[in-house]
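Structures for review follow.
You will see chain A twice below: alongside chain B first, and alongside chain C after that.
Coming up: the complex of A and B.
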């Protein structure tokens, strides 16, 4: 009896959820279709694909020439992290560089584009709640990003397997999947930001530029600023004691961590490189006598957990602001 | 919450303020089932704002709107599934075909795929776009877009259709076509239609009732003949247009002598007489006696466009005095 009643409750809840999200599936389906068939996406996907394959080729050939010289642990992971002299970027750095562009491209005209085409009022006069549109657009973007990231990741993994012939361990596979999930979250942050820009700016070109400006600031200038700020707070010279130097370094790091780009790069370099044990400044005496070794997957995950949580939070905050401003915005052009 | 009445559309003291600007001011609009109602007003009178509030796309500052007894703010989905909305300057996804655009609308309305395809085909046929259904909307002309907009509304099979400035930017032939179509929708399908426009003469032939909205206030509402009578009975002052041969200054002097004339002014190519009673008979006699021949004599306010214009003037005067 009790079970039946419980089931009734769940069923009622489900119906309510289903009703509240009426039209969501339709919006998602249409938006995914639009993205995948659009020229803009095709160009970007091609760019990402070519660069990633290039980085794989360089990584594979570097690994092959270095066989026997280094200790070759985690060959599978090195496919993603190794860069060569002819191409100074690895798969990792390409994704962290081009990923935000993909996210921004998918979202910068989400809402103001509808406004421009005068479709917004027509779509919203259909029997769906207003949030179905913005939720649908965001979800569709996340789905497309997942397709791209996982597609590329597994493509590179598969080709790498053929080129090197070294199969991955379970730990390596777990690290790869964690890395890909992290990348999806990171790129989704930029998608959410782009959607926010598309709400704040009526012109699509302005919103695209604003998105790119924020990206440039977060990715490149914030670290410079962080260094300057840290030097201001804890000035360091040749005679400074270790306390001061550590305080300086820590401040710089903490300010840099505002940027999702920094958080992401910290997280992915640690998860893809089992030898990384700590992300803060390490004193020589702390490292002295440490046994050389690598972390297990769960330990690496523990290490990057704060970064992961922050990335998710930043993405959600960005989307929440976009959501709220969309719900409050006037529909009329 | 449902109230039982025969109004498909009803607003009760509906207000919308944007900061200091009052866009809609205590609007009490009532539209019966099955009629074509024309909401008239100059640009910026609050027509679109009213429509958006009826659809629940904008929240009223105070007051309430009821669509078939449902409040658009409280039960937006019920209202939106009953109402077909054709925005002014309707937009579609240019990179999709006309048919796909309509199928998307049908899907958003929760229409099953087979049924949707049938409805889309039917709607396209009805607006005469069957041949262009597969073309991308980017290649459509302005008139075709408008027709696709109507098809988009029809796919929903709504009880009430709201059209915001449907005649805007369409050629005269297209307007005639559109108007007869609107008539069909009301008479044959039994749908209620609310039109907004700023051009009375364009829509007066299809509207059963009109409401005149100026600065957010509904200053007159009723059938067109009602409006005429309302105006004439209210007006203590009448305006006569006069043209006569020979056309000379002395004409004004003769008119002045007639009992009842308050003011005479020259307006372009005619003489405008303001009077407080009907002096047409006296005037003609007097003119003929003085060897003038009247070629044009008309009572202002009888043609609908002049009713409309005068309502606007009145409103302006009213505001002019107020400030």
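Coming up: the complex of A and C.
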């Protein structure tokens, strides 16, 4: 009886949540349209497109000159991971560098921009709830990010296929799709963070700056700080024993993993390179008897699973905080 | 009277002597009368021993002791059935000889003894006759055929017994001597069980031969190559070889001692040498030992060279004895270290006896436990529940 009552409650709640998002489709459609037609997005998309095509060209020419020199397994994946001497960035590094910028650009003025234009109260006077507005803005961002990421990914894959002529295996395709999904999740995290900033700061320039500051800290300074902190806790010099060195390395890694940028780079390098067997320090006793080989897709996925879980959770929590703070805000003032 | 008696006595003695002389001349003169021509047929060794199937040559002499030259017909007047004889002079078949006065001439009698001749004594008679067919002289020749004199040829091996492993080829050196008077063609052969191969070749030559000619008094050296069958068991094997000519059949028993070979094969029944394992767990792998040698293997024990902190245990721990050709299955339980990283490792398993050992390198792919995957999934579910609660609490404003 109690369980049935509980289920009735849940059902009622779900219906209420569903009804609260009645105008969601309209909001999403309008927001996606705004993004895609906006100049801001066009500039950013062009930048990303040009750099990605540049990295593809370098990767393809490097692969072609290296043919026969070393064993070229997973040529298809190398299109995304290879960098050349003239351009020291691969597709992977460009996406991890420019992706957060895309996310921040799409979200930094989501709410306070509406406020500035005094359109927020007008929108909410329409028969739509606040839920639909914030959910719709986030979903529209995610859709745009997906279009960009998947579009670029498959563009590069297709052009690479023409340039190298090596078709991907099923495992390689699965790895590529996993990589693209991970990129969407990662960029969506920055989108959620930007929306949160746009709620916390009234000025759009302040929220943009705050987003970029967090991104710079996460992407560049946290790893430096992690190294300093690890050296502080476990000082290492030339005479240190192996346990001390391992403790130092592990501490540095654990602190670095606070950053979603670090988690993302760990995850994508592992999923795009089947030869990666372990992240973090490997002891000699673990390596003894091990032979060179590659992992299957499922094993690689299991290897990066903690990172994947963390990225998804961070994105969802970031969005949830933005949602709650938006719901509790005074709008009409 | 006395004188008359004496004279009479003297006459009587003379006449008796004459009579006796006459009588004696009658008794003894027929022979000198036959040899009146002075023809004598002779040979140094009229009696010899021979073996059945052999060809014998008697050197004969014909002497003319008279003072006139004589024409003599020569013929073999008696001989055993089925024996063939030929008279030869100056390498031609002859039936007449012309002998100068007080001189002699030589010719040969070739006797071909049939192979089926029974042991015993045989005789032949050669006659010298004048043109009228009257016998001038006879010569009786005796040939003795006996069993133990069938052959004095020899087939002798330098080493009668050779020893080696089952996959070896044994080469015997044998000498074939023809101690007879004539050149012989010996056909060579061996009586072997199925699977054995025996081949003959003259020493220092490459060509295999089935027969060989040996001149009288000569010795030929032969290599006899014996190849045992592939699946031969350890033990002693007698290989009778023989050389047969049309006069003799000589045999020699060669002996090959096969010592056992010790060979051990260690693998999986299917030959597949890779497996999966989850870090920290164990995995049972069925292995197989096979005795592919020809000797019994005793006390086979198992061990493994593993990555650090891995263990491999075998059930049964060891095998007391394994007959040639026999296989036995062993279950190996591989336990991976907790800290083993994902990917491939090599676990080298060894089956060893005091004599031989064989190893099997197993490629073990370590997989991650899906437990943490489920934990991660639960974390995401918890976060989604949190969002649901947020929607429920703050929704519809």
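A few points about this structure:
Assume the second predicted complex is superposed on the first by the 312 of 333 C-alpha atoms of A that agree within 3 Å, B and C clash if a C-alpha of one lies under 4 Å from a C-alpha of the other, contacts with A are read in each partner's own complex, and residues count from 1 in each chain.
Here is the rule we use: contacts are C-beta pairs under 8 Å (C-beta built on N, C-alpha and C of every residue); 3 or more make two chains touch, one makes a residue touch a chain.
Please read these numbers as outputs of a predicted model, since none were measured by experiment.
Three-chain overlay on chain A, with chain B and chain C fitting side by side and no clash. Applying the stated contact rule after C-alpha superposition, one finds that A:291 touches chain C and leaves chain B untouched.
A simple residue count on chain A separates chain B from chain C, and the partner touching more is C. Look at A:156: by the touch rule set out above, it reaches neither chain B nor chain C.
By the touch criterion defined above, A:319 lies against chain C but remains apart from chain B after alignment on the C-alpha atoms of chain A.
In the overlay built on the shared chain, the residue A:303 is in contact with chain C alone; chain B does not reach it.
Contacts of A:30 after superposition on the shared chain: chain B is touched, whereas chain C is not. When the shared chain is aligned, no partner comes close enough to touch A:182: not chain B, not chain C.
In the superposed model, A:129 makes contact with both chain B and chain C.
Of the two partner chains placed by the overlay, only chain C lies in contact with A:277; chain B stays clear of it. Once chain A of one complex is fitted onto chain A of the other, the partner contacts of A:119 are limited to chain B, with no touch recorded for chain C.
Of all C-alpha pairs linking chain B and chain C after the chain A fit, the shortest spans 7 Å.
Looking at chain A, you'll find residues 129 touch chain B in one structure and chain C in the other.
Contacts from chain B toward chain A in the complex involve residues 48-49, 52, 55, 57-58, 76-78, 80-81, 83-85, 87, 89-95, 104-105, 107-110, 149, 152, 156. Every residue of chain A that touches chain B in the complex is listed here, in rising order: 22-23, 26-27, 29-30, 34, 38, 117-119, 121-129, 330-332.
Considering their complex, residues 13, 16-17, 19-20, 129-131, 277-278, 282-283, 285-295, 299, 302-303, 305-306, 308-309, 312-313, 316-317, 319-320, 323-324, 327-328 of chain A touch chain C.
Chain C meets chain A in the complex at residues 306-310, 337, 339-347, 363, 365, 367-368, 370, 372-373, 376-377, 379-380, 383-384, 386-388, 390-392, 394-397.
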